[in-house]
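Once you scroll down, you'll see the structures, which are given as structure tokens.
Presented sequentially are two complexes of chain A, the first with chain B as partner and the second with chain C.
Showing the complex of A and B:
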């Protein structure tokens, strides 16, 4: 286990180094990637461009610039944006609670509803409840979240906002949990729903199919033959096994949500989390925050994959020997 | 100026049905202004900077106009008046001598810097402000390289710019220019030339309260990036002329990170008074119908056009460029932009006073366009159109593709480039397209800014080339150079209008079609909106009714 953990940690570092080099190189070869020209404005003088290149270190060899950036990011921790020259790390630190609030809340919703719907569909296979839930799940999977977010925002915070049932939903923004727990939840309600809907449908399909496979396994038949109650068979013997693929998927999905999908959601609702910061940085082609945010995203993807693997080992004793 | 503005403005312009017409540059009046209250504002992202030496985007200038001052200022008025230049911290307009090469200002004695500096502004503070630009990598350096000694100072061969002579005892400051330049007055009215206390560090002071000092009615109390900006009254401010407004509201709280949709909904909910960006166009029509007294369309100083590369066939032929101008229906293109603009075939926008003279050289005439293409022998010539991918530019490019196909050109495709790299790519010769969607926003409200920057062939360079069409007509260049030497005023304006018409007739490297307007939606309690092309809504003029 320790060897596995150490191996994964070494892999995490290797992935982050590789990604940082790739981002740096790509930024420096794309058109419009020269930040000195942008900083020099629309009436640049060659002298001023040279001065900016020198002051910001853009005239140094690429590898020097790369190590300099890594130094400012990880050691000095004072990396600043090219766009507005504001510190990058405080902006990310400020965004993380917002992004995690969004991702964790949505994950809870999609796991609870996804598993419940999947189990019900599986238990009532072929019956009307299964058919209805299947249609609902497929509809959820098919809806683009950026569209759903915009439509929900328009309908519930503008068009029908005067209806008492929707009047409590704020038009966007974020309130910290420590400041106002109720406000925190109401501000995140629509983003949670938007982000969860797609995954609910997907997870419901995965759980349903996994449940159907598991129900026909020999050990489940044996448990039934031993006279165990249906609920005990379901909880102790079927669910534990059928949730193994869900755990693997969750590890992948949660990391991807925290590291990427929030880019689609946060700007719609003005959450000003890490995703919105990433979106703005891409729009301005602003390398320092892009570098920091890419590494942040990659870290979450790799880290949650590692957690998923460990959980998989815990859930499935067979895999520990392989 | 304003790469930020260009991107955001175009990005926000989603397609919508044509909206109500009518525009105003001052609006929201409801009786005599009332002092007091807290204005609740919002902005989608950080302003570029809150440092007069570095900021070069509307959002930054909009705030700095409320907090800082220069020797001169643009008149605090909308419409054609916005390009009029008035004295601000200078006691009067400068004395111009040496055949337009020397400008001497007398500086007011009673203008104070805000805490913690707490001292009167001196002439040497203006000298320091200009010299500091050369140390902070300022995008404003290019405006001041015509001052004698600026080049030597930039090359670190001198301790001061020799052409700026400040005398703190007599309260005067003189600027000696290498050659006469009427637009020098404009250069002195933009934030790059605003007073800063001598000794301000050679770095961005946007988040440094020790040096983020004001001279105007407001000062920045706090700026927390990605969170909030708070403006409060400057305790050291006292109004020195009627032209320097004292401000009405006591405080301005600006939340950073509010999306346009969110801003509309919060304004309706009564949580927000003013949003620093445009209303989403797809919401504007409905908002205008529902809240007619809270919605405004303000004329901005810009031009949207298709630039044709005169170095690349088939656009190296005048007849082809003229044909494109005949082929496009400008009213149809304005509809693509949600109706939020004025159809036009001029380079200069209506906000430029008498420089703007409508000309009607190119009525929509497909037959004439087709005939010109045939005469030029360009029938079947391959053309690729470039555009940013930000809506609705691709739709405008698709419209152009359709028009060009109808007149006999072979359109091989529309290439949509990501907005984050599109504008810089256009400014590089190696990546120059044949024909491209283009847009230009003002730096300062004077013809030289648009025409000299974008059409004078003497400025063509390989990288950072603003003359995207590569127009290089010796006659035009000479006309521009002569006009630049003229003093500001009616004669000079008339000359810019003449050049505008000459270019469209004899060079036609552009097919201009639109001057965009700014759609604004405010709370019912906000009044005193005055919109200028330089600073957009003027914060010190805003006031809140007691509700």
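Showing the complex of A and C:
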């Protein structure tokens, strides 16, 4: 187990190193991306540009520049952006609670609803609930998420805002939990719903199919034959196994949400988390924050993937022997 | 007995029969055919017969006659006309007086083209990498697998953004071929690369289990070379899987195109695509919500149909059931 864990950690580091090199190379083949020109401001002289190239080390060989950037990112921890010369790491640190608030809340909603609906539809296989669910599941994964957010925001905080049911929904923004827990929740309500809607149906389908697979396993029949009550068979024997694929899937999806999807949602709701920072840096082709954010995103993707694999080993004793 | 591979044509014919019995599949196929017809032959026909506005024709000063009244296309305060039952401006106009319905038809061409071509590129590359890596094994396998791992751990949108910005500034130059930075090839290639691992991994897994089967052994014994085995024996056996993936990846790619265009790194701004139309419409969502809502619905209807069809196709072809029987 320890060896496995160390191996996976080494793999994580290797992937992050490879990704950082890739990002660096990609950004250094962009001619229009020459940061010295942008740093020099309007009407720069040749002398100015040369001075900036020298001061920022752009005249050094590429590998020196790369190590320099990694040094500022991980060791000195004082990496600053080319665009407005603000420090990158505090900006990310400021964004992380916002992004995690968004992702964790949405994940809770989609897991609770996804599993409940999935179990119900598996138990009532073929009935109307099951049929409706299939349609909802496919519709959910087919919505452009930023579009859903924009339309919900427009409908509930503008068009029908006067309706008492919606009047408590604020039009975007973020309030820290420590300042005002209720405001935190109301501000995050729409982003949570937006992010959860695209996954609820999908998870419900996975749970349903997995439940149908496990229901007819021999050990479930044995449990029934022992005279256990139907609810005990469902909870202790069927559900325990049928939720295993969901755990793996959740690891992948949660990593992908924290490391990527938030870039599409945060700007819509003005949450100013890591995703919005990424979106703004993209608009300016600003390498230092994009490097840090890509590594941050990749870390979450790989880390949660690893966590999912380990949880799988722990939940399903059968997988340890093979 | 030598286990002969299933004849692909027969498999597909059975699948087609099963598909025809699935009402959801039929409805989604009809919807898709309608959308494709509306966008490809339909768009210029609509422009020449119903209303003489191209997708980029502005008409800020213009008026249209409705119920005997002259109505400005764009009011003095900049609010464009909304949707209504008429030949021109069926779905309303944008703040430049461009016809939204015509833009959605033409935008659909771009979105469908980008989605479909990038899906074909993606599945083709995935087939080559997946089959090669599983059949060759050893160093080739680990090299390809590591490459796939790398692409896969890159957050999808950030990878697409990084690639798209890099390409968009100076285009792609591969030897004598030079692709201009405004070319559609850029979003197509970017989107294709991003999803290769999602398809290549399952194909590799499938080939790994196929290559231990007797019909491969028989082919080796009869003197077939590796290229022939990969093309004539392995490829037909993963074709149904690839077909299902193709349908689902077209759906994913249409969504990704919209997302990238929304982030400003997808289809060039002057070409209307569903994503671009939303991106521009979103600026005025409060005064002209139809500019955001209509193209989003177009995406949703198309993607739902593709997903339903892909799902039905998977059930009809059921590669898993066949594998279980063959083992």
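Some observations on this one:
Keep in mind that, in the parts below, the second predicted complex is superposed on the first by the 318 of 322 C-alpha atoms of A that agree within 3 Å, B and C clash if a C-alpha of one lies under 4 Å from a C-alpha of the other, contacts with A are read in each partner's own complex, and residues count from 1 in each chain.
Here is the rule we go by: a residue touches a chain if its C-beta (ideal position, glycine included) is under 8 Å from a C-beta of that chain, and two chains touch if they have at least 3 such contacts.
Everything quoted here is computed from the prediction, not taken from an experiment.
With the two structures aligned on chain A, chain B clashes with chain C. When both complexes are overlaid on chain A, the residue A:224 reaches neither chain B nor chain C. Legend: residue contacts after superposition of the two complexes on their common chain; A:232 is shown touching neither chain B nor chain C. Once the two complexes are overlaid on the shared chain, A:298 sits against chain C while remaining clear of chain B.
In the superposed model, A:18 lies in contact with chain C only, and not with chain B.
By the touch criterion stated above, A:157 is placed in contact with chain B alone, chain C being left untouched.
In the overlay built on the shared chain, the residue A:264 is in contact with chain C alone; chain B does not reach it. In the superposed model, A:282 lies in contact with both chain B and chain C.
Listed for chain B are the stretches 275-283, 293-301 or 401-409, of which 275-283 clashes with chain C, judged after superposition on chain A.
Where the contact sets of chain A with chain B and with chain C meet, they give residues 30-33, 150, 154, 158, 282-283, 285. Of all residues in chain A, those touching chain C in their complex are 15, 18-19, 22-23, 26-27, 29-33, 138-139, 141-148, 150-151, 154, 158-159, 256, 259-261, 263-264, 278-279, 282-283, 285, 290, 293-294, 297-298, 300-302, 305. Of all the residues in chain B, the ones that touch chain A in their complex are 1, 3-4, 7, 11, 45-49, 54, 56, 134, 137-143, 145, 151, 154-155, 204, 206-207, 225-227, 255-259, 261-262, 264-266, 268-269, 271, 419-425, 427-428, 431, 443, 453, 463-464, 466. By the touch criterion given at the top, residues 30-34, 37-45, 47-49, 51-52, 55-56, 83-87, 90-91, 94-95, 150, 153-154, 157-158, 161, 171-173, 267-272, 276-277, 280, 282-285 of chain A touch chain B in their complex.
Residues of chain C touching chain A in their complex: 149-150, 153-159, 161-163, 165-166, 169-170, 251, 255, 258-259, 262-265, 275, 278, 282, 285-286, 289, 292-293, 296, 299-300, 303-304, 306-308, 311.
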